[in-house]
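Here come two complexes built around subunit A, the first alongside subunit B, the second alongside subunit C.
Then we have the complex of A and B:
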């Protein structure tokens, strides 16, 4: 009986909370929610990125008083990579949100149609689906600086040494998570294999087999592919790298997408994984922006990272780059509309008209950390390119010049698939009433 | 005093066998229905609809389906999420093959597919019982999720491998897709859940319900008194999977708007088993109480620190949440092992004799 009254009290409190949650939001700041996953099976890869994103925003607040004098209200909502929680978080944060950062392909798929109606831009840097680049179809979705198809193209370009025709007759295996994310590169790789005459072998890894890939690696050992390209996430990366070491697959023929290049995954095997490569749109190094974060956030104890060394990881620095893109979009919008407190619609314009030049990167203390980026109405990605990083046994080092994707090859595919999406989700509003510029 | 039953005389068999023989029960139900149909839609925010009301209703319905099978017919199942997936994919295929079809019709048709699959996987129940049957249904769970991933026809060869819900309307009122208003979707789900619940209350009180209970309590005895075990068990599988399938279709079409195969994986099956057990096996109302505890409580708990002005990180809160909900489940099971429905029954009994207990 007593428990029951307590329970009813909790329910009453909850009802009150629901009533109030919509009211308690500030409008004198830039509200940037982030649907984080610091818990659950993918927390290992999520946490360092989220830390980087958060610390950059906190640094802007501490150093410059926000963006253009407007403080950033950086809100985290934890999803644990769970799509149900994703709906909850999206609905909870969307009230005054200027942007939504869904951080999971499943949540992105759920949220994508809603953002057209709620008029909130989606920012999915380096993930989401590649056709999102087509701004005339996906007016509210952005996936700068490079899409998965760009990644697949650049990886093969690097494997072929800059000339894909050398791939003729080779056998390339795609070891991928059996999940919408892992299937992303397949349409482009199939097209490339037709064009250049290499054999494509897709080897899916189920979500339940991420940590035990012995059957997949048995297949790799039997088929002897010339190269293995990995589209892995979370626990799958460490599993694959460990198996590759165990089966003595030559590490210099093993390349991963940018989410398969976390320092933590490779530290376990250390020197044995020497030669493993991962493509990345951020290069490692010691950049001035890191000193600012050290000074304004870390030394004050505001950061979630435990040791200063965590700032040197690829994923933490990638979080910084991602937050920088968002902050620059906000600044672009502020400059254009002459208002400090921009709306979600104005931020959308900012994301569409990004122009982060080398000079601007220099000003931000990030020269060489990420390639210059420019977006436009029909290019919501920017396709700015990436570098190949190589694991030297202790850390990732830059192993190539800037690689850039081929637009004339990828663009038609983007248009085809985005038209398909619009048809599946008919009636799809497309650009709607939004003028270009 | 409030729940006094004296003075309510039953003079006919009909009134004695009514769904709610006690007047106060009717009043309580009327209040709850009024709250669901009138009060909530007037005051609830979009967040309340999308994160609390609609999910609770859908999970209640799925749990009701499981309860028919496990609580009433005594056949343990761990494959609920897979059957929900069958309903969802069937509804998706039906609406894409026949785009003009009314979505309500598609919804009720898709239940037949999950019922058929349920019966197929229910066949082993004629030979095996208890844990062994649970393993057989677990196999169906793994098989179905695998099928949703591999059979590209099911998701119309969509590049992302997920099913996406297009905009559909009923007589001009948009009910699915991004443009559907949350109130409309809520009413739609509420209507279907009400209809199915009413049907199930009647079904479980009637001939089928009694047959199932007899099989649950002792199948040999049931067979000896002339119950056809095969028909009883398979009908339980059919009805259960039918409801579960509708719940799955509702989940994708009226709540989430898109779904990837692994949504229907084993964690959701367990969640629904928890709802059924915490709510009370063999009860209809328990499903709703269980869903409130398992689905709504974590959402409400997440809001608490913000309301109290505490600055707790979202991730920390998630950890706290798991601990709080977990301990509450254990607490409720210790206090009342037969679930929340039994807990309510005890309260009601005490209220009837209050304030003069014998």
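Then we have the complex of A and C:
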């Protein structure tokens, strides 16, 4: 019995020591977990983005000593894009996390209710559920700078040449991953189809069919849609582009969402995919921020990328933009609360009060890399717009001016679906005790 | 009435109205079937000789393809010619697959001789996990381009205009079909005509009897795992040429499961016929029934339902051996 008591004391002392050291660690750094997917069928999409995210945070640590002088503790937890593993990772990292980055619409939807209880903001840039934009319902969720519905609207607007009434009588196919992510744009596309009189044909691609989409492209050959819009992730993108080339589908009528525009996916077919388009909230280029990453991270051998050329890819640079949004939210919170060691709740405030202007982008060495972004209590996305990029046979190049989504059309749908979500998950806290200021 | 028309009349009307499209569907089904058969072959060979259901076959496809592409990338700056680099990378990759077979036999299988089948099956899951981690550590998780042209695989297309329409055969698909036929014929000749092949079959029939006549279990296991590695490499090359080389290739191994259910786990010819049957039937069903009636994506379940129906009538599969155990 005495032995048991001594053992209990030892365990209690150990636990206290761990708790104290964790608390000390928490106040000494900004803990930013990232639920990464560098492995599995979707690694092709994940790896370059996560490399960009990681390198930007390492660069801030090396160049500036972190954010506002507080080092960033960038933590990766590997999910393989698997929802169950994602939830495990969330639970494992939430202890002293200031934010969670779930990196899959499936994982985002699973952790969404938990973050209200744990009071940790979700940052899901360019993914997650579009109604998350409604900050009055989803106080802890953020999906800047554009949502999937924004993406769907901008793609159709571009196809219609800026006037969607020209789509009347056309047939538009949505080739999508048969997964929560792939189904995201369907409500908006159905609404646009009713409004503008085009026929919407949805073509799902199962996870096991990503590499062999001959059935889907036979359907496209039979149905002859005027345009194909792709909502693909990971290996689905390369599979679809290969089949499109094989089917001789006109590449200039084939457009993908921003996760269907990785350089690596196009390399497999190279020049044969010339004319393929993908919308993107980051434009390619040689920006000054890349020089800083080269100097402070890559040249010191701290980056995971194998070649300096990898820094020129769209997805690597998107990872940088995503980490920049998080870093700016942290800085906004630090400036507002006058504290270096901010809490998760303070970071939530920072995400809600982002104002990344052109001038600020210039200071960050990222002018023209992403549009200016402003969020608010009502608007957790910012809806800052995107560019259409085109594959020229070797690389993606900018092919449009900045496209912007229609708030007039999308906001009512966001409110309708977020109210539906709150009702289905009642009692849903909404903003709860969080003031809007 | 409309549903009955969609099920029993419309598909056949469409086949008649667009015969070129129907031929294209058959060709795509045949190509898919041949590719499924290739994956299933790897499973069958190992099961036949050792009664192990090799869960690692899918990741072996990825590992073999990544080794080939990785070695080619490494050799290119050294030799400066992509064809020479490919010519060196290919035997080196075969060497890696042989080393893998040796390691599996020495480290995993030999210590587990005599253990229940489920233990050996779990061991292959362990091999899968190891190869995923090791592969990602060495080659990274990014998509890679298969060295199709360096390997001399044609990349053009053959076009026909039957019935005023068009039929397009990708040359790399034709190559895949021809390669699969050559591989299968070689394998059948090897299994039926060579002493080693007969030894493999003897082990498959009865381990103890085979051991009692001096057949070396270790040698046969290394050989069989190496042949499964060669099949994995061939599969990796043809699938990789279609949509790039990535860890997503592992997923295609699951497509072999209904093929094995249908063809039987011990039958080489069952794997071939089962693979082709499933490839053709699932493609026809998806295009003429699945897309109009179910909104598409029936390929995820059709093959399993079809195989289950077959199992109701032939539990050992179409070509599997009926196992009668005395009680």
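The rule is short, and it goes like this: the second predicted complex is superposed on the first by the 411 of 437 C-alpha atoms of A that agree within 3 Å, B and C clash if a C-alpha of one lies under 4 Å from a C-alpha of the other, contacts with A are read in each partner's own complex, and residues count from 1 in each chain.
Going forward, contacts are C-beta pairs under 8 Å (C-beta built on N, C-alpha and C of every residue); 3 or more make two chains touch, one makes a residue touch a chain.
In this text, all values refer to a predicted model and were calculated from it rather than measured experimentally.
Q: Who does A:436 touch here: subunit B (first), subunit C (second), both, or neither?
A: neither
Q: Where does A:83 make contact in the superposed view: on subunit B (first), on subunit C (second), on both, or on neither?
A: A:83: touches subunit B, not subunit C.
Q: Return first, second, both or neither, reflecting whether A:178 touches subunit B, subunit C, both chains, or no partner chain.
A: In the superposition, A:178 touches subunit B and subunit C alike.
Q: Which of the two partners, first being subunit B and second being subunit C, lies in contact with A:207: first, second, both, or neither?
A: Touch status of A:207: both partners.
Q: With both complexes overlaid on chain A, does A:306 touch subunit B (first), subunit C (second), both or neither?
A: In the superposed model, A:306 contacts subunit C only, not subunit B.
Q: In the overlay, work out which of subunit B or subunit C sits against more residues of subunit A.
A: For subunit A, the partner with the higher number of touched residues is B.
Q: Would you sort A:397 into first (subunit B), second (subunit C), both or neither based on which partner it touches?
A: neither
Q: Which partner does A:271 contact after superposing on A: first (subunit B), second (subunit C), both, neither?
A: The answer is neither, since A:271 touches no partner chain.
Q: Given the touch rule stated above, what does A:38 touch, subunit B (first), subunit C (second), both, or neither?
A: Both subunit B and subunit C are touched by A:38.
Q: Just which bits of subunit A does subunit B share with subunit C as contact spots?
A: 38-39, 178, 206-207
Q: Would you pull the subunit A residues touching subunit B in the complex into a rising list?
A: Residue positions touching the partner: 1, 3-4, 10-11, 13-14, 16-22, 24, 36, 38-39, 76-78, 80, 83-84, 87-88, 91-92, 105-106, 109-110, 112-114, 116-117, 129, 178-180, 183-184, 187, 206-207, 304, 417, 420-421, 424-427.
Q: Where on subunit A does subunit C make contact in their complex?
A: The contact residues of subunit A facing subunit C are 38-44, 46-48, 178, 202-212, 214-216, 218-219, 221-222, 234-235, 238-239, 242, 246-248, 262, 264-265, 267-268, 306.
Q: What part of subunit B is in contact with subunit A in the complex they form?
A: 43-48, 50-52, 55, 149, 156, 158-162, 164-167, 177-179, 255-260, 262-263, 265, 292, 296-297, 299-304, 306-307, 313-315, 317-319, 331-332, 335, 343, 347, 350
Q: Can you check the complex and tell me which residues of subunit C touch subunit A?
A: Residues 18, 21, 24-25, 28, 31-32, 35, 132, 136, 140-143, 145-146, 157, 168, 170, 239, 242-244, 246-252, 254-255, 283, 286-287, 290-291, 295-297, 299-300 of subunit C touch subunit A in their complex.
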